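Chains: A, B, C and D, in written order; residue numbering restarts at 1 for each.
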Amino acid sequence: MTAAVRAKGAGKTNVDRFLTVLRVVMIGFIAISLVAFIAQQIAPENPFAEWRHGDEGATRLSWAQYRGLLVTGISQGAMYGLIALGYSMVYGVLGFINFAHGEVFMVSAFTGFIVSTKFDAAGWWEGAAFFPAIIITVALCVIVSTSTAVIMERVAYRRLRGSPRLIPLITSIGVSFFIQEAVRLVFGPGAKGYPSNPDWLEERLPWLGIEVKKLVVIIIAAIAMAGLWYFVERTKTGKAMRAVAEDKEIASLMGIDVDKTIVKTFAVGGAMAGVAGILWGILFRSVINTTGFLPGIKAFTAAVVGGVGNLGGAMAGGVSLGGAEALGPLMILEPWGIPGVSQLRDAVAFTVLILVLLVKPTGLFGERLSSEERA
Amino acid sequence: MSAVTASTGMPTAVSKGAFDVDWRQIARTGGLLALGLVFIALTGMPVGLDERTVIEPWLSLGLLSLTFLPFVLGYTVGHEKVLEGVAAKAKGARDVVAGAAVGALGGLGLSVLVVLVDNFDLRDPLVNWSPQLVEMLSFDQSVGFGFVAWIAISGALGAAGGALHVLPHQVRRAVVAAILAVLLTAIFESFLTDVIDQLEFLYASRGGLTNVWAVVVFVVAMAVSLSGGGEKLGERRAAYQAASGPAKNRQTALFIAAFSLAMIIIPLVTGKITQELMANVGIFMLLALGLNIVVGLAGILDLGYVAFFAVGGYTTAVLTSPNRGPDWPSWVPTLDGPGGWLIALAVTIVMAIFAGLVIGAPVIRMRGDYLAIVTLGFGEIIRLLFLSDWLGGYFNGAQGITNIPSADFGIFEVKGTDPRSVFYLVMVLAAISIYISWRLEHSRLGRAWMAVREDESVAEAMGINTVNVKLMAFVVGAALASFAGAVFSAKVGSIFPTSFLILVSIVILVIVIVGGMGNIVGVMVGALGLVGVLGGPKQPGLLQEFSEYKLLIYGALLIWMMLNRPEGLVPNVRRSRELHQDEFLQDAWLRGEVDRDESTTEAEASANLADGLGTNGGAS
Amino acid sequence: MSHLLEIEQLSVTFGGLHALKDLDFHVDEGEIVGVIGPNGAGKTTFFNMISGMVTPTAGDIRFEGESLIGLDPNQVTQRGIARTFQNVRLFANMTILENVMVSQHCRAQQNIFGALFNTKGFKEEEAEIRRRGEEILGFFGSRLVGYRLEQPASVLSYANRRRLEIARAMATRPKLILLDEPVAGMNPMESRELTGLIGRLRSEWGFTIVMIEHDMDVVRDVSDRVVVLDHGETLAQGSFEDVSTNPAVIEAYLGRPLEDRAAADRPMEEQS
Amino acid sequence: MKKTRPLIAVLAATALVAAACGGDDDDSTADEPPAAEEPADAEEPAADEPVADEPMEEGALGSVRVEPGDAIQIRSLESITGDTSFLGIPNQRATSLAIADYGQIKGFDVDLGTPLDDLCSADGGQAAAQTIVADEQVVGVIGTSCSGAATAAGPLIGEAGMVLFSASNTSPALTSDQQGNAGENYNVGYYRTAHNDLFQGAAMAEFVYNELGLTTAAAIHDGDPYTDGLATAFTNAFEELGGTVTGYTAVAKEDTDMVPVLTEIAAGSPEALFFPIFQPAGDFIADQAPGVPGLEDTVLLAADGLLVDGFLQLEQSEGMYFSGPDTRFGENTNQSTGVSADAVLEAYDAEYGEAPSAPFWGHAYDATSILLDAIDAASTMDGDTLVIDRQGVRDYINGVSGYSGIIGTINCDEFGDCGSQKVTVIEHLDSSDIEASKANVVFEYAP
């Protein structure tokens, strides 16, 4: 905390100087990369073009390709955002990172797989029957993921209230591994394929060229986000949540049942992850027991990028991160002629996290934390 | 919730009746047991471990995986936590009844499962929903037999568990010890026969203790326990802990000497399997010792600790292997031949320190939990860089660096094909690590780490440069991890990015936590118990059969430890105080120990208490 | 002449709220200055700012002629300013001796190699740190020494915790000690005793002391000079007698509803 | 404290037992490892052999004596847990079937012992190999599943005089570059029936360039040594043929959103895209590639990693080409056991209730029967005792030529490559009839 408010001048240590250099280097690197990228895209004959793979020269992307990248980034980011909401809410209320939140998402995607294959076998996953089928599937996914989150809280976290804050974090790592492994053992290793989507979902919109399913993902994410916002800002339960997030003790003095509110927070976060899970299933049509792990961590990254505790920020952070992942390797690394940039995508995502925490530790849109959490 | 009779220190035989039990609690525990058993059955453990015999011919590891829970829960359901000075419930038939009820309820879960599996086909999502499961659960008899059998077996085990309460304290301990002795002798068959070939007579030819020897082991263990063998050890330990000053130092020295001697002798008499196992344990012990400094002493949760292991491994590999990437400039030497490894080790340590600084500096000012995630990110970044095609010219990407020569010391060569030599090398490095940890813990740096762990901003106000101090923890931890990396690459002879997954960080963390954060002995016990028995992320342990379930057990263990024993098996006194601060304060308050020699008013004591709780939450 | 501590036009705002405003203040070597004022007057913020935990929005703090602005708390301590906390913040799980030893960190020279190789210099310094620790604890009579040395600080009584906090501040070898309500929560006998100790801190150890205190008896007994803060501004300065008869001060203490004070006090507790 | 007491008692008990039983012959056990302390009067040759007391004719590596009533020991070392178990389990099972079909050798049973796990990693392979070599009765090992495991296990097993015979390692480093140069990790005593990656890469390149007539191609691997090696082999061979490689990149195994990497590939507008990776990443590439502008008409090709039912059943895999070992075993019959491929599959299904999950079961079966043949050929009877000459086992396998196995005709080269070296490319037409697709061979490569 002291770092955030330090004035320039006397107290600079070597670490500070190193960090300043690091910030400058990272931002400078990104700036140069972007310039190089743009130069390479505009004109194949320029000094930057030679940075690329030697003789091949610069390759230019078409508008359709940019659009494809952007849409995929946003739809991926929307899912990160949905998961990030759960992180953000739990962090806001309990002040710890629920590492296992990604597994809630995975459990939902798994439920979706099981239910959808059953519907498919019954011939319900196409034609008009698809709509009732998908609604039932979504409902089941949300129910399962919500219960997972609530059980998790009851079994693993409730007893840890008030213990040093790294303890629940470590516990949640254990929970995460346990769920991952339990799913692998009970449902078998290997990827599970969703049935094929109805054709209309796979088609592209004539005027935008966007795949319908990605558009659906973005729209549903937006609706879920709006619903959540309404819930937290306007309903009584939502207000109770904010009160608990601000100060548990005072909230309980005000007659708010803190335990219940915390359970509700987990439930709402779980439901959001549940929605993300089934969207994931429709978008990628495949799920494996580790599906939740990396997206979970990335979603946390998204929450930090947007500013922890800030719901709108979580969504914005998710979309930013999705965009950065989709475009970053191509725009930042590729211009330097680095081969196999997509391999480094996760590295880019984590670098975004580090950069945000170095440059703006409160996230792009500011944190909303209770006073005790800000320490 | 009735029957509270005053405890007179002896189990009161009189109780209000065998059926005067808390039925709600029983229903709850029984339900949980049923769920747990069904879950275990569906993970495939019973069938998967059925091949492995524990006691020939009737008890397999698979069967054991289903039967130990009813016993344990049967015991715990009757088990009331007795607070000193608070009345306890009377023991007696009601414990047995409660245990039996819980066991039977749990068994009912399996009974229902066997009927369901037999009649419905859910194999599509549930892979272990198989005919083999039915076969196993019904003991190759009819399903009806299985149905009845599980209620009976589980009920009987629960009752047996509950019956333990009825036994006098000493006998109870002896029985538990004897059961454990039989199971351990059976389960550690491969280890015991590897250490002493002649022990093979204990076991049947296809594995498993024979009935006769099972009984013998049981009786012997019981006799030893009843004769007070265990007690004496316990007394010795207590005496050691109570001792202080030169007496304690002498005892410590004696213990260290005995331990070192054992470490030198054991590999000489054991076979290669054990040596290999111990070499692997040693590598993880090195890693855990390093992480212990970071997490245990300085209180920094580093989830990317594997990065330093990777840096250590790769640096040594690059410096010694002729097969490193082609893009290295020629001035980077290839150090094979005598002493080469030592020089490489020196460079490796420097590189690890450098990595520690580079990774540490950006994260060190972050909040504890942010730091955890960011270090995890760094761990991944480092692995991805080693894996990438971009740096493939240096680190061979996915193909890894192979043909890493053995560590040649001229007079003594440490090579992977000779696990004993690896073990000795690891032990020397572990001794160095332990020495470093111990020296630093008791220096001003160690005190500063503790202060930072307790309350960072106060530490800062007391003139401690917390950034430097934490960075130092990072760097020392990194250097110790690089030891492990250097040995690892010389031992395996090849190094791939897949050896450095996040999982490794987590496993090391589990070792530190299970053993006891901040305690060197605890870390050693943790490494031995976890990597030695269950196995490391890519290393088999004694229980090779468990490798499929290893991570599940790691996860469950982590949760259980955090909930019930956050200070670990061998706790660091201070650390455990910290983790149980409220309880300590309450205890102290209850016992009136807050301040005997002063006029302590009640208000003061409660202020005391409140204050303790306050600092508890405030530290970050 | 130049003062030991000199504060000029110091201001700080928290989210638009002026916690301190244009504060001028100075302490001379060997003085004991009492800082009083109603709750929420900005006293603790004032200490936090001197000790580097909060960076002022404007103004300057000079210690021995050098500015402290922008320094980390540990650097401030290094320069010779130590403090205690209003809500006693000991290292509760470290032993009493360790609490005092760890506070000498910034006065010790030995590095990691000394510790590793157990050099002569290291051993001597450790012994010296220990000796000094015991000496400082001995200052408080028999309460913190003997068998107590190896006990965790958490077992201490409230009063003893306050004493240990002062001992810990002394261990950093400061020139100036900032005491934040040193006798809060003590019974009259204990606070009388501590008042005497504060006087001895100056006479025997040569510390200059700035002290926030609500107990007017203590303030009167030891302070050479008293500063009254209210709403982040200096209300009055001078000897206790002058100040206590100042009508503005009386007004500030009596003329405000309690709730108001409590609310205004909150932001200052945030620096943890 | 209370809780730890029983444990202590157990330890004490164990220690007592150990002391009691170990006491009387402690000395003899302690000397057994060929350490250094032994007095210099020992004249026995290379002390590794425990029972080399009889000076009989034997090869440089010593021999194994199997007493009457004992069994000949071989081991299985495959990846049988975790994500790669789909690869290792069929190998291990086929090995058991082959042993059962083969029957006794000179009246001695063959025992596979407890199946060992290579954990698909170097460290796992090494640890398991250490377990194997601890038992000096072991003659040979069928395994490993993963090349990385063989890299670490090979030296140990080779040094112990045993043979390591793999059914699914394909890395050129383990054998040779096919030009007569030993690979970096070649060890004497290592053999495999799987094809060398260089073959498959060349086969695919040949197919794309000559059969499909495409001149530009790109390749994607997933950071697995196998896929990286194969993709490299393909691009090298393709360029050698005169084609242009427009892109060579990688994804992470956990990636799901492939649009960025495909866009990167699309920038070079390749006519063919070879991604010899595994599920699930392969699913996403096949699914998303047609939607990326610039890749609509690109021919998608994959290798045996995706030649699995789970992938072939996906609609999006239709129209793709797959290279892989020739799995049209049909009437092929193993000459040692006289069992045909179909019969093995039938037995497999009867025993394990499912079809093999990876195509290397036939390779494992043949590897096992060749090893057993070699043991038969290299062993002699000494009274009632069977004496197996370790060097003889190797010599026999080195000399294998024209062996007719389930996977075809097997010839071993000097670096242990014993595969039938026949790679086929199939065209996948119908995701609802994958058996037909598997049989739809459009290209054969057998140099």
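In the analysis below, a contact is a pair of C-beta atoms (placed from the backbone, for glycine too) under 8 Å apart; a residue touches a chain by one contact, two chains touch by 3 or more.
In this text the structure is predicted, and so the values were computed from the model without any measurement.
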item: Furthest chain, CA centroid comparison against chain C; value: D
item: Innermost chain, where centres are averages of C-alpha coordinates; value: B
item: Chain A-chain C separation of Cα centroids, rounded to whole Å; value: 46
item: Intercentroid distance (Cα basis), chain B paired with chain A, Å; value: 32
item: Distance between the centres, which are taken as Cα means, of chain D and chain A, whole angstrom; value: 39
item: Chain D residues counted as touching two or more neighbouring chains; value: 82, 223, 248-250, 252
item: Contacts with two or more other chains, residues of chain C listed in rising order; value: 53, 72-73, 75, 271-272
item: Overlap residues in chain B, where contacts from two or more other chains coincide; value: 384, 387-389, 457, 460, 465, 467, 548, 578, 618, 620
item: Chain D residues within the chain B interface of the complex; value: 1, 4-10, 12-14, 16-18, 21-22, 25-26, 29-30, 33, 35, 81-82, 114, 116-117, 119, 121-124, 126-128, 130-131, 133-134, 148, 151-152, 155-156, 159, 173, 184-185, 221, 223-225, 227-229, 248-250, 252, 353
item: Parts of chain B lying in touch with chain D, wherever the complex brings them together; value: 130-131, 173-174, 176-177, 180-181, 184-185, 192, 194-199, 217, 220-221, 224-225, 229-231, 233-234, 238, 268-269, 271-273, 275-277, 280, 323, 384, 387-389, 397-400, 402-403, 416-417, 419-420, 488, 491-499, 536, 538-540, 544, 547-548
item: Residues of chain A touching chain D in the complex; value: 56, 59-62, 64-65, 68-69, 72-73, 76, 189-191, 193, 196, 204, 211, 280, 284-286, 288, 290-291, 293-294, 325-327, 329-330, 334, 339-343, 345-346
item: Chain B residues within the chain A interface of the complex; value: 39, 42-45, 124-128, 299, 301, 303, 361-370, 372-374, 376-378, 380-381, 384-385, 387-390, 392, 457, 460, 465, 467-468, 471, 506, 509-510, 513, 548-549, 551-552, 554-559, 562-563, 566, 578-579, 582, 613, 616-620
item: Complex interface listing, chain A residues touching chain B; value: 2-3, 13, 15, 18-19, 22, 96-97, 113-114, 117, 156, 159-160, 162-171, 173-182, 185-188, 297, 300-301, 304, 338-341, 343-344, 346-347, 349-351, 353-354, 357-358, 361, 372, 375
